[in-house]
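Okay, handing you the structure first.
In order of appearance the chains are A, B and C, and numbering begins at 1 in each one.
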Amino acid sequence: MTPQADSARVSFWTRLQAIDRRWIYLVLAAVVIVPLLFPFKIKPKATTPVQKLFNYIDTMPREKALVISIDYTPDTRAELQPMVVALLRHAFATRRPVGVLAMAVYGLGLGEEALSQVAAEFNAHATNHEDSIINGEDYVFWGWTTPPLTVMLGMGERITNVFPVDYYGARTESLPIMRDLRNYDDMGILVTVAASAMPRSWIVYAQVQFGVHLSCGITAVSAADFYPYVNSGQFTGMLAGMKGAAEYEELVTAKMNKEGLDWGLRNRGTEAMSSQTAAHLAIMAFIIIGNIGFFATRRRK
Amino acid sequence: MHIATDPWVWIAAILTLAIFSFLYRENPFYRIAEHLYVGIANGYAITFYWHRILVPSLFDPVARSPHFITKVWLIALAIIGALYFTRFIPKISWLVRIPIAILLGYGCGASIPRAVEAELLRQLQATIITRAHFAHWDTAAWAIIILIGVITTVSYFFFSAERKGALKPISYVGIVFIMVGFGASFGYTVMARISLFIGRLQFLLGDWLGLIR
Amino acid sequence: MQRRLPLMLVLVTGIFGAVAFFVPHGAVRSVDEVFRNDVQRILAAFSLVLGVGSIVQHHLTKIQRKASFWQYSWITLTALVLTAIVGVFGGIDPNRPGILPTHIGSFSFHIQTIFSNMMVPLAATMFSLLAFFMSSAAYRAFRARNVEATLLLAAAFILMLGAVPLGRAIHAELPSFAEWILAVPNTASKRGILFGVELGIFATSLKIVLGIERGWLGGGGGK
């Protein structure tokens, strides 16, 4: 290669390395928006941790409650809310009692949103009282209190001592569902949906002392850190990020269709997979191009 | 395309776009939205601390309890809690250490025996290879790899001895495992961050503009 | 007194917190329950004062000194006060309104409405900016400078492909391989790191209870 051609090539890579970051933002935005507008059909296949959690909830005794702890805040809503919705649909479709609490004060509104949404979905198709999802009978939203230690240790003795009133202000002792949901012994599993280290606290305080079965739905950022707990059996399966949510949605949809509840409900996690695929390819392309440019300019020097 | 008519959806969309405007450059709209967020978050927290803790656990029992000793006990706790306010009075700001000490002490004490059981003993137990692992060739192989990985990773962080002799290759194997672990974390972090952006686009394109389902 | 009293309190409550785990005696359990439900709960509620008070103090100081962008501090303080008024006096359950009405005609400004339509979009969008910063970092900073960095990037690529359905299209076993990376080598390394971290936390907790670690006392003199 002539020195001029070589210089032009290096100059191209140098300019590409120094490109304004806003062009990168624009490419990313386009890559994510287009598949949302023109999605391709995707059917996520459940991985082992997701299948494990689904199977456990599906086969646990009917009278045992599924308890969900909303341990996240609005900033991670996109990843974690679909998990809560899918878990609630699973529990209601299999007529299991549900208890919901929040460990983060900002999770209260998110828990209320999820419960209202799923209860409305089921009640829209209910023809009688038996089919309906009723607050206080089929589910209870205990709300929030602090500190977490008080909740985790107190729920092992008596839940109504920790939450004397529910989120809506009703006395928990008076709710029909609470007759058979006194403490951890009446729970089949507690799923902590979190964006922080709260799942560890549940293991340390609730599982060590009271032996409650635990699982977690966690943001993808932290998912890799929680695999040791899945491996040791301290978590019965795990939902990792939006992908985990999409996989669980798929399992729940298949289950509901099998039960004759094919209502065509929206699955936000699954909807996002097209854009997720495109974005991952874009990020990989950025890394590859960045490295090519790095090595091209380094060689020149 | 079915644009939303609910004014709150429009407010949410405008606030979303105000934050996104930061990507172009910092501007007054972004600053307004940022400051609004801090204010609303704190106001929301005050609301629920008031309604879900102070009223049912303090004010109602003090007002309604027939037992004098209960009232005295709760008022005493409230006085200790009120010591948090002394943080802003320089002359007596040391008093804030009292409620902090009570919360911190119990938290640390309660965590010690439980964390040892949950995070050390149970995890050690899961690392040890047992006969059950040899039921299948793959469970045996993966259990051996995990054992090697744990030992070599821990050896990498052992700074009390110079990295020479046997420790050098052992800690290098540890680095390999650590790099694979960090790579796994990074790959999933990419997924996480993109998911959050997709969530906002689902709102803008779906709930606001009605362009997607 | 200024340091001795808090250190004494930490020691007593710390020992009690640890002992309560081991002692099944009814009296100890009762005291533990009262301590958690009353003492911990009420003190934790008042701890909000630190956070909110610091924010208010910071912004009032900015306004007083007319520091840069001081005008925006009014927005924070006004939003804080208005949201707190709506929440405290308007009630938190739409079916049980408080003394303050939270709707004008069909337009609601209930605390849950404010949360869903202002706080959620603001918080979620703030965090979603990270996707862009990460993409910029991916382009500019993630370099395969050596073998270890290349290994990190290779693992990341496999995970990124395995996490999406495209991975299965590239190779049927790619998602399983990605899952294996998470379940085996990743688990090993994270567990090794976990041991170190937990030993550190255990040591620090013990040092706090015994009064060896005093950083939490903050500055200032006193005995």
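Brief remarks on what is shown
FYI, contacts are C-beta pairs under 8 Å (C-beta built on N, C-alpha and C of every residue); 3 or more make two chains touch, one makes a residue touch a chain.
The model shown is predicted, which means the values in this text are computed figures rather than measured ones.
Think of each touching pair as a link: the shortest run of links from subunit B to subunit C has 1 of them. With centres computed as the average of Cα coordinates, no chain lies farther from subunit C than A.
If each chain is reduced to the centroid of its CA atoms, subunit B and subunit C end up 4 Å from each other. Averaged C-alpha coordinates put the centre of subunit A at 15 Å from the centre of subunit B.
In subunit C, 21, 37, 40-41, 44-45, 92, 115-116, 119-120, 122-124, 126-128, 131-132, 134, 138, 153, 157, 160, 163, 182-183, 186-187, 190-191, 194 are the positions where the chain touches two or more neighbouring chains simultaneously.
Residue positions of subunit A touching 2 or more other chains: 25, 28, 75-78, 106, 145-147, 149, 153, 209, 220, 223-225, 228, 231, 241, 243, 276, 279-280, 283.
In subunit B, the positions touching at least two other chains are 23, 41, 44-45, 48-49, 52-53, 103, 106-107, 110-111, 114-115, 119, 123, 126, 146, 181, 184-185, 188-191, 193-194, 196-197, 199-200. In the complex of the two chains, the subunit C residues touching subunit B come out as 2-3, 5-7, 9-22, 35, 37-53, 55, 57, 69, 72-73, 75-84, 86-88, 91-92, 107, 111, 113-132, 134, 138, 148-149, 151-160, 163, 180-196, 198-199, 201-202, 205-206, 208-209, 216-218, 220, 222.
The residues of subunit B lying in touch with subunit C in their complex are 7-9, 11-13, 15-16, 19-20, 22-23, 31-54, 57-58, 73-74, 77-78, 80-82, 84-85, 87-88, 93-94, 96-116, 119-120, 123, 126-127, 142, 145-154, 156-157, 174-191, 193-194, 196-197, 199-200, 203. Of all the residues in subunit C, the ones that touch subunit A in their complex are 21, 32-33, 36-37, 40-41, 44-45, 92-93, 95-96, 112, 115-116, 119-120, 122-124, 126-128, 131-132, 134-136, 138-144, 153, 157, 160-161, 163-166, 168, 175, 179, 182-183, 186-187, 190-191, 194. For subunit B in complex with subunit A, the touching residues are 23-24, 41, 44-45, 48-49, 52-53, 56, 103, 106-107, 110-111, 114-115, 117-119, 122-123, 125-126, 146, 181, 184-185, 188-202, 205, 211-213. Residue ranges on subunit A touching subunit C, taken from their complex, read 17, 19, 21, 24-25, 28, 42-45, 47-48, 73-78, 106, 109-110, 112-113, 145-147, 149-150, 153-154, 157, 161-162, 167-169, 209, 220, 223-225, 227-228, 230-231, 241, 243, 273, 276-277, 279-284, 286-287, 289-291, 294.
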